[in-house]
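Alright, structures below, take your time with them.
In the two complexes below, chain A is the common chain; its partner is chain B in one and chain C in the other.
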Partner chain A sequence: MDLGTVLSVILLAPLVAAGLIWILARQRAALAMTLSLGAAATILCLSLWLFFAGWDGSAFEISTEWLTLGSLTLDVGFLLNDLSALMLFIVAFVGFWIHLFSVGYMNDDKARGRFFGGLSIFMFSMLGIVLANNLFMMFIFWELVGFSSYMLIGHYLDTDEAAQASKKAFIVNRVGDFGFLIGIIITYWTFGTVNFNELREVVGTQPQLVTTLMGLLLFCGVLGKSAQMPLHVWLPDAMAGPTPISALIHAATMVAAGVYFLGRSFFLFTEEALHIVAWVGVVTAVSAALWAFAQRDIKKILAYSTLSQLGYMVAGFGLGSLYGLHHGDAHNALYYGIGASMFHLTTHAFFKALLFLGSGSVIHACHHEQDIFKMGGLWKKMPLTTLTFAAGVIAIAGVPFIAAGFFSKDAILYVAMKSSQPAFYLLTGTALLTALYMGRLFFIAFLGKPNSASAEHAHESPWTIVLPLLVLAVFSIGGGYMIMYPVTLQEVMGHWVPHPHGKDHTTMIIISAVASIIGLVLARIIYGAGAATDKVEKTLPPVFAISRSRFYFDEIYGYYVKKVQDRLADVVAFLDTLFISGVLVRGSAAVAGLLGVTARRLHTGSVSTYVWWFFAGLVLFGAYAGGFFDGIIQ
Partner chain B sequence: MIIGLEHYFFVSVLLFAIGFFGVLLRKNTLVVFMCLELMLSASILALIAFSRYHTTPGQGLMEGNIFVLFIIAIAACEVAVGLSIIVALWRRNQTVELSEINELKH
Partner chain C sequence: MTTQLPIALLGGIGEFLTSAGHNQPVLNALLLMLAIVVPLVVALALAISGALSERAVKVCGALGFLVPGLISLWLAAVYISAFPFGGYAFEMSADLGLLERFGIQLHLGLNGLALPFYIMAGLVGMAAGFYAIQSGVERLRLYLILLLVMQGGLMGVFSSIDVLFFYFFHEFALIPTFIMIALWGRKGRKAVAIEVTIYLTFGAMITLAGLIALYLFSGAEQFNMIAMREAIVEAPYQGTLFGLLLIGFGVLVSLFPFHTWAPRAYATAPAPAAMLHAGVLKKFGLYGLIQLAYPLLPQGAADWAPLLLWLALGNLLIIGFVTMSQRDLKLMLGNASVMHMGYAFLGLYAYSTVGIGAAIMMLFAHGLSVALLFLLADVVEKRGGTSDFKELGGMGLRAPVLMGLFTAAMLASIGLPGFANFWGELGIFVALFASDTPWVLYLSLIGIIISAVYGLRAVASVFFGEAKGEFKGGDITPAEKAPALLLLISLFVIGLWPKVVSDPVNESVNRSFKDAVPTVTASTDEPTLSE
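Our next item is the complex of A and B:
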């Protein structure tokens, strides 16, 4: 088999599955499940075959012309290199286990056909982003994941919350994608191509063509898709969707697409653009970590933690690339940004998918109870879920050496220390906060005694739910070690990730260890095991209020939409009523009506009148034949 | 007095005018129909007069007359059709007044 065929099969398998579900299995849940899971398994098997046998690790590109519009040619094609192979591995691997989890989690859902169809459409769109060899193709699939996300957030379509959240996610993403599209157009206009490899060659010979504006416009797409400040507002609300969706789309893969895109087009970012990218990431990371403390809903806490970790990745890309520009003398210095962000993206995909699936297992067992203060004592009822969730908490907190998050966070903190001291302090603070709020979640929900009847009656979930948890737990713990990855993927993970050496190495380990362990211990001291109320809310109301305010982003947007946008819409609606429906539509109807009324008047039914008209016609005809009108009509 | 072309022409125009205004002004279908026939007769008269006065000497003199015979034959057919329509109108509506025959409008 040649690579092009294999990649096409990988891309099209979920589309075929979704099509078959649409035609055959909208009402047949078992068939829909089999088709969707089958597609996910096909993707995983073919990807693993690629990494272990079919692909030698060198960049592979195949492209075909799709559409020609004048001088503009749109291509579709695949570009398989170190970066996209790693992303393909994440999507295929995490995607498969989440599909399996969904089979158990959604077993009592009434619209499983629609759910699994949507899941397959999402896999298709996401793989399109991963494999795309040019910006236009990426943009098409970028919009398709937005659509899938919209469809799956709104899965529980009879609840108002889900309907609102899906609309919000879609609209906020449109804002970002608008900038993204303009960025793509500017890129095409400047370089005459949107192919990643060709772009890179042009940039290599004429680096002066790259402008800061171009990078920032492209970054707008990342703001929307990866939920960076100030377009982060949709992600917490998106938790209204089913939990497997939160795990797959809003934690592991789709929201990481923005970071992946940064890596794909890193050469289009100037130093100024990189500074802004880095600071957007840092601010998002810190703020989202602060907001997580006021949340009671287990999924909301994880959502804010996702925001914070995405901020980490974006900051890692910016700071890592800056570090590469200024300090890097090694061969791979250019790739430090990609290495730092993609390493964290990978480990985050494992442990955040694990945490979300763990929370799904808990929610499933507690009969859809999501408030952590009504849980408590789950470790006795659900030992495996508790154990794997603990692994996830350790991983995200970054406990040294036994957690994947430690290594990846370490790389980001290291480049931060080398390129910007303030960013370094803020990110270290975030690491501490992360350990603190994850400790809060874990200690309150899993330890102590049950705080409600639903937690009392919880029981361990079926194997389809527990098996994905176990597998992901293994990767969350071991994901920091190269041995967990196929050899062909180790270029990014091994050589591109910046590592501290000598004295820096020791310093970094001490800082990370102190931040994570202090965070977890503080959480245990402050919140206690299985607490039924929030201690901070009671004892320190001002601090809690700041966290709960979420810096009033939603309120400001609400105010803006209500006061500015709605009024603008009113004006436009008025103009529409006046000109389009008034003058154009009703006006033309009135003209036709008037003509009709006049013509009807001629139709009297009286023969004598008709003879008069006939006579008038005859006179006119005679006059014309006699040349009377020659002077008037030339 | 020598009767020339202009006298025929004058009679023809007079007949045509009577027929024309009859069609325009009279309300009885039968009279309108008669007026129509009058207009036809006027044009036949004009045709035969022109034919008689513009004949080339030495050639046939009767082309116009033959034509007129054809026209009269066809006009007779036309009258038969027209009268039968009027009879049918009467049977249907019990009137042949034009002002009352306005079914096309409704």
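Our next item is the complex of A and C:
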């Protein structure tokens, strides 16, 4: 089978599944689940076949023209190279396990047809982003992924929470897409093409055409999709959707699409743009880590954690690319930014999906209890879940060598150390905070004794839920080692990731060890196992208040929408009614009416008046004919 | 291998159509005539026959809408299969004796520019007709007669090469709108009907003056589009003529500030009338500008461009904000349709093959989507008893299929890829950056945020949340679903395969605007963008 066909099948299988679900299986849950899971399995099998047998690792591109209007030509095509292969692997692998998890998790849901249809549409859209060979096509699937997210966040449609959250996600993403599309159009008119390979060639020969503005506008899309500040506000609210969705879309894949896009288009970023990108990432990472401390809902903690880790990835791209520009000795130096960010994206996909699925297992077992202070003692009731969740916590904290997260964070901290000292200190501090708040989550929810009846009655989840946890746990621990990946994927992971050498190597290990272990130990000390209340809230209220405020972004945006935007809309509508409809239209009607009324006054019905007017007119006419008015009328 | 079979199948169908179509030019021209005549004859038959059963009325009505719809699809298939071809096809003309002296004949035909509008008229006509037939209104017979007259007029508008008949068919289709608003509208219908009648007649008068003036000053021998294309209008008059046409057509298309008739008219009108008017008839103005004003009056277009820019932005941004403030579903949709005309005018403003071609694609898609939205909004109103957002809510659980269709329609109209509207809007945005004023791109893109805000707010208010208010009847019925699916599937098909419509449009636009389009010369670093 040729590569083009294989890729087409990979892309279209979930779309076909979604179509069949819509036509045949809207009410038949078992059929819907089979179709969706089948599509996910097809994608995974074909992808693995590609990596182990069918693909030799060299870049492959195929494309067809899809629309032509004048000088604008839009193509649809696939570009399979190191970067897209890695992303394909992540989406296919993590996606499959989450599909399996959903079968168990959603077993009592009444709208499974809609859910699994949406899940398949999401896979189609995400694979479109991964395989797209040009900016317009990527933008199309970018929007489609936003639609899938809207549909799935709004799954529980009888709740107001879901209604608001789905709307917010779509609109905030659209704000990002506003800048993104401007950037794409400017790129198109500057270079005459939007194809990634062609753009790279043109940039190679005419680097002066690349402007900082172009890169920053394209980065707007990343701000929206990867929830960087200030467009981060939609992600915590998106937790209103079912947990598998939070795992797949809002942790592992969709939000990572922004980082993937940075990798695809890295040559369009100037040095100034990279500085801004890096700092946006750093600020997001630090702020989100601070905000995680005041959260009680297990999913919200993980959501802020995701925001923080996404900040790491974006910062890794910026700092890594800057490092590569200035230390361009190795021929892969250009790719250090991509390497650092993609490596962390990969490990994060594993451990964050694991953490979310683990939280789903807990929520399912505790009958939809999500407050960690009402859990506790789960280690006795749900040993496998606890074990795998612990693996996830170790991974995200970055404990040296036994955590995939250690290797990837290591790379990012290393390029930070070499490129920008302030960024390095902030990111290291954030690593400590990460271990701290994740430790807080683990110790309160899993250890100690149960704090509520639902936690009392918890029991281990069925195999469809536990098996994905086990698989992801293995990858969360071992994902830093190259042997876990097919050979064809090791280019990105092996050679593009900047590794510290010699003395730096030891320094980084020590720093990571200190940050992670101290963070976890401190969490145990401060919060205690199985606590029912938040100690920091009681003992340090101001600190807690700062964390809970989340710097008032949601409040500011809410204020803007209600008091500024809606009021402006009402004022404009009022003026439209008053002036245009009222004064101009009704006014002109009134004028016509007035003329009519005036004209009617002439019809008095009295003959003598008519005779009078007749003679007056006659006199005037005679005067005109006699040249009386010649001076006035020319 | 798997991709080859469908291609072979399509190729086979294409060959059949090509041979059938091109071996029967007379038949096709006759079909063009029939598409106009059949609805009018059916309307006449319904009017003059005596007592007829409800069933007979419905069957006749269905026939009256089905025939032009199928003809439009057939002719489209024939035209598209003859690609590359952008000129006039299926021409037929009939002398009418008396009018010959003025150069007027009944001259019908389709070119690449008219084709999308023609298909749209057929599809929306079928949908509106079927929806009307099952809607259970009083005096169904008169209702259908008026709609059939509208349909005949619409088919005539877009297949007319002769300009007087182009205008005549438009009036033919317009008058029933007024009557339908007055008789079957929502509350306030009498006042709205009077306002709309006077306002639109005023616009039509200005248009007629502009068209006649164009004819006289162009020195063409016949009052039809082909003859007038070959004539050139002298420079000093171009500005005035273009202005007359812009204002006249503008009133009919609800260009800002001549837009206030539209939201109330569509909200008050019965759904099928709103579908045909907002969906199809409103495009008459833009179609006229593209077929006549722009090719013949390039200097005039350039003179008026600065004003047009601000008026189009007014449509987009000012009416966009007005739309966001609406609390009634149908009024919101009416305002939204006015807002989208801003995009089309911006595409014309960009004055390049990309801009004008994309404007045509956008209008095609918009016709289908706005008709679909008015249909579904009417279903919502029937179920919930009201159109007010404050009183509606939580319909999603009680009517899931309706929710799915409505959400899809709304997402289509706000430009989600996968539906036809996306291609048109994208093309317009791309074209705007290459116009004389690239900054207009930044302002017009705000439109995508505005439309997401009002669109999703509407969906959330009506369908999400807890069930609120009354709910009569069940989910959307198959009879209501059928016309909705017809429109939605068309939007989806063109959304996936835009080339079907965009190729003939592209051919035609390249042909019509070769001489008239200004060459945009960029800086030395950028590639030249000449069309």
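Heads up, the rule we're going with is that the second predicted complex is superposed on the first by the 570 of 634 C-alpha atoms of A that agree within 3 Å, B and C clash if a C-alpha of one lies under 4 Å from a C-alpha of the other, contacts with A are read in each partner's own complex, and residues count from 1 in each chain.
Criterion: a residue touches a chain if its C-beta (ideal position, glycine included) is under 8 Å from a C-beta of that chain, and two chains touch if they have at least 3 such contacts.
Values in this document were obtained by computation on a predicted structure and should not be read as measured data.
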(message) On the A-aligned overlay, A:Lys167 touches which partner chain: chain B = first, chain C = second, or both, or neither?
(response) second
(request) Examine A:Leu325 and indicate which partner it touches, taking first as chain B and second as chain C; both and neither are also allowed. (result) neither
(request) Could you say whether A:Phe136 touches chain B, chain C, both of them, or neither, answering first, second, both or neither? (result) second
(request) Identify the partner contact of A:Leu568: answer first if only chain B is touched, second if only chain C is, both if each is, neither if none is. (result) second
(message) I'd like to know which partner A:Ser8 touches here: chain B for first, chain C for second, both or neither.
(response) second
(message) By residue count, which of the two partners contacts chain A more extensively, chain B or chain C?
(response) C
(request) Look at A:Ile185 in the shared chain and tell me whether it touches chain B only, chain C only, both, or neither; answer first, second, both or neither. (result) second
(request) Please indicate which partner A:Gly605 is in contact with in the superposed arrangement: first for chain B, second for chain C, both, or neither. (result) first
(request) Mind listing the chain A positions that touch chain B in their complex? (result) 603-608, 611-612, 615
(message) Show me the residue ranges of chain A that touch chain C in the complex, using the header's touch definition.
(response) 5, 8, 66-72, 74, 114, 136, 139-141, 143-144, 147, 150, 154, 157-160, 162-164, 166-167, 170-171, 174-175, 177-178, 181-182, 185-186, 188-190, 192, 206, 208-209, 565-566, 568-570, 572-573, 576-577, 580-581, 584-585, 589
(request) Could you please specify the touching residues of chain C with respect to chain A in the complex? (result) 1-3, 195, 198-199, 257, 259-261, 318-319, 321-322, 324-326, 352-355, 357-358, 361, 394, 396-397, 400, 403, 411, 416-418, 422-423, 426-427, 429-431, 433-434, 441-442, 445-446, 448-449, 452-453, 456-457, 460, 463-467, 498-499, 502-503, 505-506, 509-510, 522, 525-527, 529, 531
(message) Which stretch or stretches of chain B touch chain A in the complex?
(response) 23-25, 27, 32, 98-99, 101-106
